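A short write-up of the structure that comes next.
We call the chains A, B, C and D, going by the order they appear; numbering starts again at 1 in every chain.
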């Protein structure tokens, strides 16, 4: 089975996820700075989630690029990943709506943790049906980053009840970790 | 006529259907567990529908993969299927909003039944313009599953008025039926 | 310039238009037949618009299929068509929300008329940059249908103020006109 | 890395942005002209933004068409552009909702300015990994238009507090500037 439609469908879902989040930025009735200021926490959580969804799309893009074929197990592993990502608009909105209260911030971390697990499962499913060098190398190169992110997401869940900023710092750290370009991978997969 | 744009358009519509369902998960104003608990029925119906739309996308993907060309009748049969699927966010939301009351649960079954009928019509239209071995084999291999699902959807409609859990068990059974990988088909269509 | 991205972008926009219309079907709080019955006019206008958007997508698909290249003028003519189609969810919702009151029904006709004009302009722009036999033939074959539709849309605008059902009958007639398969075209463009 | 998925993902996001803006055109409960008239400012800002998003898509289309490969930096530069464009529905809605009050009109200009900057950054990232003649020529040909637009967006921000119509005239001027076909570019890149 070719990977074309899997990529197209995933692109569609991720494009919608990243865009409907902006609907949580409800248009205020006032036209002054105060009205904008009230939206600040919602805006901040929007920016954070935009970056996260961008990171997942980026990694998904590289992973599928290294793969050649997909099978039924990959289709479901991919839908499983999309399921957790589809909750991003909800958890983002809840976090912003409640000015980063502990429970929403913890749930945000739990959802990112589940997405990271789902991503790893997709990686494993792709390795099974593409036992080639490329996917395995890709998986190994990003393995440490992946484990570090998952651990930080998991830590962010209890940390939210200690102090919400602890979790927030963890989220920003993970984002920076992935945002830094990974020249090694590109050098290897440049086509 | 090539099938590329039909696949792309269907992917777009199905991607939007599966994603806008999450908008029914309205962001609660409270930030405690009670606020989340209230969303539980909406969340459960979201999970169920996500799996169902995933199943339809999966089958659509395999069916079109086995086909080579499409004609005007296929375009309309496909739009007919997309029409019934486009009602999924509404019926899902209605079911969740009313804590699985009998009528919404019955309507959910009716909508799934109509989608199954529409899928069979698309299958027939594709066989007419692709009288090749591949589509016919695909249709035959999944025929029993398809009939079993349609019967169970239809049974779920009156069952909802007896006891709502009867319908729910039927819906979960159908999902499991399709979720189990169908190794036979993949073995045959691996390209 | 290739036509691939123009098709992909149009598919995306039309897929979203056809799907977000369902958001106008607001999930009712009651779980009885009365709650469903109230939604009937919204549902009917949804079905009508789904068919219309399907017709436009179908024609767009055939038209682009017959074309080989696109230029800047085509890009803008296409965006112009998408603009009028993007108003479908609004006019559909307004018509349904007000139980087919005269003004919304007239506006619906005006929007369809503008879409038909925009479609003709796109056709002309494509003929200019694809002066081949295929696009010209396609345009000529559907010319009578196109003119008949535009006239009927235009008639539906004043007719709505006489009696709303006159316009409604005109809309249904146009839909039937396009729904009937056009075997001549397919025979000619089968590839 | 091929540019296919980058184009597909961008098309998806831009298609959603241009289409969900119409959701700000809230369906009114009344069915008379007065109800429509109230929507006029929202409609006008919708038309303006539709044209702007169309311009960005058009330029994006030409730019990627001239490019051959993309790298990680381009992926992020592209996401950065999509981020600013994703704010279009919000700023458009805010401007329309408040009958073109100064602050929303100024914010609209600021968002367009940031989008223009992001577009330039994407252009530069593409030139780095496609040091071919085509992208450089494309960038140079549109350079003056790009700088003129950015300056006009920036001027529109303070102008909104002087008189809102000054900004509005600037926005319309930029739209006209891009709307005019650029025959030179097409002549060069016709394939």
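Everything below uses one rule, namely that a residue touches a chain if its C-beta (ideal position, glycine included) is under 8 Å from a C-beta of that chain, and two chains touch if they have at least 3 such contacts.
Keep in mind that this is a model prediction, so the values were computed, not measured.
Shared residue numbers account for under half of those found at the interface formed by chain C and chain D, and the copies are therefore classed as meeting with different residues. Greatest centre-to-centre distance from chain B is found for D, with centres as Cα means. Distance between chain centres (mean CA atoms), chain A to chain C: 37 Å. Centre-to-centre spacing of chain A and chain D amounts to 26 Å, using the average Cα coordinate of each chain. The multi-chain contact residues of chain D, meaning those touching 2 or more other chains, are 8, 12, 15-16, 20, 23.
Those residues of chain C that touch chain B in the complex are listed here as 7-8, 11-12, 14-16, 18-20, 22-23, 25, 27-33, 36, 47, 50, 54, 57-58, 61, 64-65, 179, 181-182, 185-186, 189-191. Those residues of chain B lying in contact with chain C across their complex are 1-2, 5-6, 8-9, 12-13, 15-17, 20, 23-24, 69, 71-73, 75-76, 79, 82-83, 86-87, 89-90, 93-94, 97-98, 101-104, 107.
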